[in-house]
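Two complexes follow with subunit A in common, the first pairing it with subunit B and the second with subunit C.
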Partner chain A sequence: MSRFFKFFMLDIREGWRRSLAWWLVAAGVFLILPVAFYLSTLNLRAEGIAAQFTLGDYYFNLTAGGLAYDPTSSTPFTLPISWFAPILLLAYITLWYPYHDLMGSGKTMMIASGSRWSWWLAKCAWIIVYVCIYCLIGFVLTTFFALIIGCDHSFIATDTSALLLRFDSVINFDVTSYDIMSFLYVVPVVLCALCMLQLAISLLFRPLWGYVVTISILFVSAFSGNHFLLGNSLMAIRSTVYVADGVSPLWSTCLGLIAIVASVVIGGYFLTKTDILEKEA
Partner chain B sequence: MIRLLKMELSRAFRNRLYYAVLAVGIVLALLSAIPGIQTHFDMIPKQLSPTSWGPTNWDSCYAFWMSVHNVVPFEGLFYQLVLLLAAIPYACSMRQELEFGYANQVFSRVSRVKYFVAKYIAAFISGGLVALIPSTINLIVLACFVPTYTPSIENVIYTGVYTSALWSEIFYTNPLLYCVLYSAIAFCMCGLWAVAVLGLSFLIRNRVALISGTYLAAILSDFISDRLYLIASGVAHPEFGLPQLIRAFERDATHSLTIVGIWMLLLLILSLVPSLLKLKRDVL
Partner chain C sequence: MSVEINNLNKTIHGVTILSNISMSMPSGCVTGLAGVNGSGKTMLMRAVAGLIRLNSGTIDIDGKRLWRDISFPPSVGVLIENPAFLNDRTGLENLRILASIKDLLQEDDLRQVIKEVGLDPDDKRKFRKYSLGMKQRLGIAAAIMERPDLLLLDEPTNALDSDGVAMFKRIIARERERGATCVISCHDASILRELSDQIYYLAEGHIDGYEKLEPATHLARS
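So, the complex of A and B:
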């Protein structure tokens, strides 16, 4: 236990030092989202519409995502880049440090400690902490900005934000309020699952392939509404909060937890069997 | 110099990574062609039937070309990944050679300038071909099944090339030239992207950060452009996102040759400045 704790504290310290600049970029990205959302409302010709938006609307803007590919529709499929970019940024922040550590002092410390599992579990815990910090930054900055511009303090999202973001084809106009918070609780879990999967692949193969797999999962998720794809659990517009046949928060949580456990167990098992001395930096 | 260039080109193209990324691109190009061919065969009965209703005279391989068409996700996936694919094969070669000591051997035998020029040319060509070959194969495969009719402006809502789009008049008069022009843009952009990553390898030692980080920067440019469009709320403004500028399809904002030129200049600067700064550095 002490070995795990020592590895974990070292990872927190070293990982933070090496990724500080990218946290600033993340803060910038999280500020652009609500600012753009607010400025777009100013262009509408409705008086005071910006003040009608709630905190829930701003959270919806943060996690909206996009519609799946519909072959019967003539509308072109477009990747929801405002959803794609922040997740890709998180995947990048959590990408290279574990492999870099494995190729550097981590290899020596793993040998000295005599426990690969302690090293591996410390990395998994590091991923969880970073994902939580990332989500917290997004949540805090969005809340901070929304409160500054004087929005309604309600956590319930309205259909106005869905209309503004051009989701009028899927929303149910009989329902005017959406409990976005029940969806938001799922986001850190699923993001952890995605980053753990990336961690396992990057340590077993190469970090670049881990990143390519992450990009592919996100893109295929954007294209397909299959509930088994992790990306669908990260889009508010595809959850049961907004659409009746959407992904339920319970399903997303279970899928995320299964993916986390599988990545930890399988990744740890293969790490213990891999010759780490011959791996190329 | 010629011998050096031949050597660099050989290393750039006789490269498993190059074949791998090219295979990925070609698979996506072929998958993109299938729906266009299917749509063509679905339209034939309508064209032959005197009673069937529906638009049929936009049945042209140019309208289904993957750079123009954006109904099937494989087209979008290719252009989303093409910058990453262009950089993977050869953009890190300079960093690898500096780390492994190969560069020391080369610098002691040939001029550094000649070596850099040869490497840059090889990286430019390999990166450009990663974009050019799949899109050309896509057009050729489509042309094998779908007629090469000149698209009509009357079917603009089906082709998606509106009058405000860049070179739209060429698309509706000489579509092959349109394809050549956009292929040239894709080739140059991806080639310059590969040499920009090569240039940045002088500053960034971490190869993962080099390829993934630069790709992330391109995605963030697309993100900023997308948010600007939301702010502008329909007011016409040029597209800034690099992955969108490589293809003919215009997502929301219009393509501008000025923005394309600025990106090319920026990539050129990123490729040249680090190497000029580090040119005389001791590699031992």
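So, the complex of A and C:
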């Protein structure tokens, strides 16, 4: 166990040093998104629609996602970039460090520790910490900005934000703060699942393959509302909190936990059976 | 620590890398691996280090079977191909991090081993600023610092100047005296002949020759 903690503490320290610039980018993204939302509310006011926006509106804007492709609808499918980009950024931040560590000094330390599992579990724990920090940064910066511009403290999104995001025809805003929280806590769980799946693939095959799988899952999720696709659990607009036929937070939690456990166990098992050789990224 | 390799075979992507390798490395013995590039020396080192799985055959380390009883040799120092360190850390910081896994060494021990390989423990330059020779010296320091029972050194004299090679020879002679089992691969046969008790010649992944060196030809002992 002590070997695990030694690896873990080292990962936190070294991973942070190597990805500092990307964390600054993440902070920038989490400032740009609420600013962009605020600017769009100004446009709405210019059109004569007066509304008091809430904290919930800003969280909704960050996590809303988009509507799935509907062949019967005349509305063309639109990729929800403001939902897609922050998740891809997190996936990128967690992509390279484990691989570079395994190809570099981590290999020597793994031999010294006598255990591949300690190294692997430390990387999984590192992912969880990074996802939590990432979500916290997003939450804190969004809250900070929303409070600065003087929005209402309620967690409940207003129907005006649905109008703004063009979800007004499908969405149910008869929700409580508890409903909102039940969706928000799912986000880090599912992000952990996504990043751990990526970690397993990137170490067993190649980092770029892991990233391609992440992009594919998110893209297909945006396109299709299938509840088994992890990306659907990350979109507020696909959650039962806001739409009747959405993905329930309980389902998302179970799916996320299953994906996490499967990634940890299968990834760890294969890591103990695989050759540690330098591969092209 | 003794190492016994029996009928080791390794294939990667359908290409035979190691074929029917059997060798014995008694405790306290210096074994040389000679061969041209691509002959399988590095892969054999990786196999003994526990980094690659075998398709067939066994590696027993002090009677314990690798991949069955143990994942890695229990007391091993490795330098395989390029020394792998954190680029934005100094040499001493890198050794400190590596040593933190087992926690066997004090700060003074780390400083001492850095001096031993001819580097300055107070050098503030980051690893990325090191010359190739300095990187190699730090790699040797990392391999020997915990006084392991088994040393796996792949092309350890790469990029070393004549002083560095002399330093390396002294270290191997001392490790041998201490009773460590050393496996050294090198394309310079004269260095191997000087240091080794036995040399296995590898060609295209199989053993092409074996030489047991007589004490009289063993310059390191004289």
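Simple rule for what comes next: the second predicted complex is superposed on the first by the 261 of 281 C-alpha atoms of A that agree within 3 Å, B and C clash if a C-alpha of one lies under 4 Å from a C-alpha of the other, contacts with A are read in each partner's own complex, and residues count from 1 in each chain.
Everything that follows uses one rule, which is that a contact is a pair of C-beta atoms (placed from the backbone, for glycine too) under 8 Å apart; a residue touches a chain by one contact, two chains touch by 3 or more.
This structure is a prediction, so every number in the text was calculated from the model and none was measured.
Participant: Report for A:T72: first if it touches subunit B alone, second if subunit C alone, otherwise both or neither.
Facilitator: Neither partner.
Participant: Of the partners subunit B and subunit C, which touch A:G114 in the superposed model: first, second, both, neither?
Facilitator: second
Participant: I'd like to know which partner A:K273 touches here: subunit B for first, subunit C for second, both or neither.
Facilitator: Touch partner of A:K273: subunit C, not subunit B.
Participant: Let me test your reading of the model: by the given contact rule, A:S40 touches which partner, first (subunit B), second (subunit C), both or neither?
Facilitator: The answer is first: A:S40 touches subunit B but not subunit C.
Participant: Just subunit B (first), just subunit C (second), both, or neither: which does A:M103 touch?
Facilitator: Only subunit C is touched by A:M103; subunit B is not.
Participant: Touch check for A:L95: first (subunit B), second (subunit C), both, or neither?
Facilitator: A:L95 sits against subunit B, while subunit C stays out of touch.
Participant: Decide which partner touches more residues of subunit A, taking subunit B and subunit C as the two options.
Facilitator: Partner with more touched residues of subunit A: B.
Participant: Based on the superposed arrangement, let me know which partner A:L10 touches: subunit B (first), subunit C (second), both, or neither?
Facilitator: In the superposed model, A:L10 contacts subunit C only, not subunit B.
Participant: Common interface residues of subunit A with subunit B and subunit C?
Facilitator: Comparing the two interfaces on subunit A, one with subunit B and one with subunit C, no residues are shared.
Participant: List the residues on subunit B that touch subunit A in their complex, please.
Facilitator: By the definition above, subunit B touches subunit A via 70-73, 76-77, 80-81, 84, 88, 158, 160, 206-209, 211-213, 216, 219-220, 222-224, 226-228, 230-233, 235, 241, 249, 251.
Participant: Tell me, which parts of subunit A touch subunit C in their complex?
Facilitator: 3, 6-7, 10, 14, 17, 103-105, 107-116, 272-277
Participant: Write out the stretch or stretches of subunit C touching subunit A in their complex.
Facilitator: Result: residues 12, 46, 49-53, 70-74, 76, 78, 84-86, 88, 94, 97-98, 100-102, 142, 146 of subunit C touch subunit A.
Participant: Quick check on the complex: what are the subunit A residues that touch subunit B?
Facilitator: So the residues of subunit A touching subunit B come out as 25, 29, 32-33, 36-37, 39-40, 43-44, 69, 74, 76-79, 81-82, 84-85, 88-89, 92, 95-96, 99-100, 206-208, 211-212, 215, 219, 222-223.
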